[in-house]
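Which chain is which? They are A, B, C and D, in the order written, and residues in each are numbered from 1.
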Amino acid sequence: MIELEQVAYGYGTGTLLSGVTMSLAQGSFHFLTGPSGAGKTTLMKLCYGELVAEQGKVELFDKNVSEMQRDDVANVRRRIGVVHQDCQFLNHLSLAENVMLPLTVSGRSLHDPSELQELLTWVGLDRQQAAKPPELSGGERQRAALARAVIMSPDVILADEPTGNVDWEMSLRLLQLLVELNRMGKTVMIATHDMNLIRSAKSQVQARVLRISNHQVAVAGANL
Amino acid sequence: MIKPLSKLARLILGDAQADRVVPPTGFTARLTVFASATMAFLAVFALALSLATGRLADRWGEALAKSATIRISAPVDQMDAQILAVTEILATTPGVKEARPLSEDEQRALLEPWFGPDLPLDRLPIPRLVEVIEDDEGIDADGLRARLAGEAPGAILDDHARWREPLVKSATRLRSLGWIAIALITTLAGVVITLAASAALAANEQVIRVLRLIGARDSYIARAFVRRYTLRAFGGAAVGTVLGMLALFLPPAAGPEGGFLTGLGLQGLEWLWPLLIPPFAALVAFFATRHAALSTLQEKR
Amino acid sequence: MIKPLSKLARLILGDAQADRVVPPTGFTARLTVFASATMAFLAVFALALSLATGRLADRWGEALAKSATIRISAPVDQMDAQILAVTEILATTPGVKEARPLSEDEQRALLEPWFGPDLPLDRLPIPRLVEVIEDDEGIDADGLRARLAGEAPGAILDDHARWREPLVKSATRLRSLGWIAIALITTLAGVVITLAASAALAANEQVIRVLRLIGARDSYIARAFVRRYTLRAFGGAAVGTVLGMLALFLPPAAGPEGGFLTGLGLQGLEWLWPLLIPPFAALVAFFATRHAALSTLQEKR
Amino acid sequence: MIELEQVAYGYGTGTLLSGVTMSLAQGSFHFLTGPSGAGKTTLMKLCYGELVAEQGKVELFDKNVSEMQRDDVANVRRRIGVVHQDCQFLNHLSLAENVMLPLTVSGRSLHDPSELQELLTWVGLDRQQAAKPPELSGGERQRAALARAVIMSPDVILADEPTGNVDWEMSLRLLQLLVELNRMGKTVMIATHDMNLIRSAKSQVQARVLRISNHQVAVAGANL
């Protein structure tokens, strides 16, 4: 689904990633770790086409990102649900409207309107539906971001630090949602610092752990 | 040009669903509305000024342009015959609406500033004057002169050209003043509306970024913004236009200025002209927002 | 009023250190600068319009207001004596700058439109005219009439009041047109600058919030913003003023309008008037930003 | 230093906190936990005067918040360093300028300019000094927020989720900084979901754990 080949990237201030080769196969479950500032968010941005590799090739759904038209990028994003690290919402819309936004902009709607309720209940936000994003707590915003990423049942889910601000019970609940989606065939990648979360996931699905160090992405062994 | 215009039509009619993604209130909205309103208000005044000065210029120009005088010098005993001859010639001259010999009283009034009220007109061998009012087409001065020379040798046509000149010049100046004002205001209105729309859009960069990130196509985002800001500019300009038109109705202030304010008003069908202002503002906002939206989008992937 | 004004002085001079906390560029800055520039540009034109119409009105008014005519009717043999008497009276009348009997040629030219060029003036018992040019103070018409009645009974003073009236009315209209334009532009300039500053400040709500959260006092925050926006408004208005003044210099377009554009320019010391515009804009921005900053702050703790 | 007495607060949508009595004595070290949305951030805001209690009394440095003038609030905040959950920066200033901001607005400067370098090095941001906040990674922003909170050596440090986006090693480093400051007599309160962090701190200082549940704040026992 997502293939990186010898990719290099830097923000003009030096190399951040180089020679990164990585492949997220359909139905796979990956974690992405590495120290703060290593480039996890940067790698995610390469995976949904917000950044374009300086060297090498990034293929999303078998299409080369650097050759995509702008509308192609938009179309690809409809198949990739992203939890951004700095949850990006429209502050003038309610939480429910924000969660529904990916459907709204692609002119679709839910087959079954109760799905929204179900999802919001799962992430514990059913009572906050009408609240505007600035009125939510940090953890509530993070959960809303996850709900928005999965609402249109995308083929790939990229979650950047989705549990940084929520308690352990809620983390497990969110993880369970992603594991469930993975079981239904979705590809999942989670960037996180939380080793306990990774351990907990490993007991439920076959998860690979990628670690960024020294500008490279490597598969971490059993020893986390 | 044609493509965006047909889009403009689609825009005003439909796709209100996309509307929600653009922040509905806030200062960017107020700004666009207010800038359009201000500029429309000023434009109404510029329009009124330009039309009023045009009218004034017309009045001054016409007052003399449409009249002429024929001066008949003749011995006293031939005078009446000559007057008759001139009147007959004028009756068959195309372009003459009315011709009328001035009475002695009128002639005395004309001369009064120079000679005082006691001028013994009847005892003076002064020429008699025939006042000619032209119709819209006007007379052929040279042709009339030739005819008069043949049939009433004592009659001389004075078409006031010499007297008219400075007044016509003044009128032209006034009229061009109106046009300069309207050109200036229109240009600045366009610039201000463009700037307000672009500024408003810049403030919504975050919204554009989020929409783009969740898979909205450029056309969707641009349309949502363009629709909103076009309608805002239209609405603001409509309010400004109405306020401007109301201001032209205002009871004139005390003092001699009152008379002028009345003169500044619009008359009859002229009241239709300001109605062009809101569509113009909308058109400017349409192109400005479209350009701003598409170039903001170009910076994002 | 006095307190803020003394603050204004302190503001322009010092405390640049606080300046850094206000975002230096971005569309809010551009907006304030551009709004001020636009309004200053329009204000220069309004000013030029108002001064030019004032001048025009003065010229028209003066042309007649400062002159009068004395008409002397007398038997031919007494005429010269009467003229002499009148000239002597006028020489001792306060307010008279110049007095001069019209020559026969001049008098003939005046009468030509009504009587033709062949008027036998010397054979006619028509009155002679003395042209009086008044100085700035003007003459006391009634007093002069009384003296004339006593010393030169055939002389009648005509101070043109009846002829002057319509021209003075036109001139007054023109002048009030200038004042209306300047009042309108000034008001709108104030409103637009106020709005731009408030809008810009609203966009910086986040900055104000952060500053307040880390322990900045209200006065510190307000001062930083007020200083920045006052200077921006001043700078923008200065640019607009200069552009406006340059536009008044522009080579006039071909055609009769050229003459008018020249007439619209400023003359001599009038060029100093537009220099008041930037300080005025700064003053408006000062109070507008101060009010906006303090009321934005009131909403935060 | 900070005293709450029978404090109640709600955002108009019902009670969030009620009957909260709490005291942060000088030199004490507290953790604040509770599920996401329980009101940790809200409690913090009451502690630095951004919110005013609906009922009860909040005293900061022996002054009642509800009776404070606006300038008093500003003065009190100069003695309280806060790490906000949604790190608030001025995006047009560099990282170093942002960290120095509390000093700038109170017209002060560092006794020793090298202190800034030292602090930035400790939180691992020495190389990012000139970067603008939007160019920082999530974890880098969080570390910058902590640096800003401690730069003027405040009497009280309130840190809302200061380690949500940083890796474990960095978390320990940041904790160590706070512990060090606490040893120098500063009062510290940290809101966090990370139980490991709490455990790790307990081995270094005498830390009390406060837990929000059922609108109340209670001291949690040994069993976390």
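List of remarks:
Criterion: contacts are C-beta pairs under 8 Å (C-beta built on N, C-alpha and C of every residue); 3 or more make two chains touch, one makes a residue touch a chain.
Bear in mind that the values here come from a model prediction, so they are computed numbers and not experimental data.
We define each chain's centre as the mean of its Cα atoms; on that basis chain A and chain B are separated by 62 Å.
Chain A and chain C have CA centres that are 67 Å apart.
A separation of 24 Å divides the Cα centre of chain B from that of chain C. Residue positions 26 of chain C are each in touch with at least two other chains. None of the residues of chain A touches two or more other chains. If the chains shown are joined wherever they touch, the resulting network closes on itself as one ring, and no chain has more or fewer than two partners. Every pair of chains meeting the contact definition is listed here: A-B, A-D, B-C, C-D. Partner chain D is touched in their complex by these residues of chain C: 17-18, 20-21, 23-26, 206-207, 209-218, 220, 297, 301. Touching chain C in their complex are the following residues of chain D: 48-52, 70-71, 73-78, 82, 84, 88-93, 97, 101-102, 104-106, 148. Listed in rising order, the residues of chain A touching chain D in the complex are 11, 33-37, 40-41, 85-86, 124, 128, 135, 137-140, 143, 160-161, 164-170, 193, 195-196.
Those residues of chain B that touch chain C in the shared complex are 26-28, 30-31, 34-35, 38, 41-42, 45, 49, 69, 71, 73, 107, 110-111, 113-116, 118-120, 124-127, 129, 156, 158, 163, 169, 172-173, 176-177, 179-181, 184-185, 188, 191-192, 195-196, 198-199, 202-203, 256-257, 259-261, 263-264.
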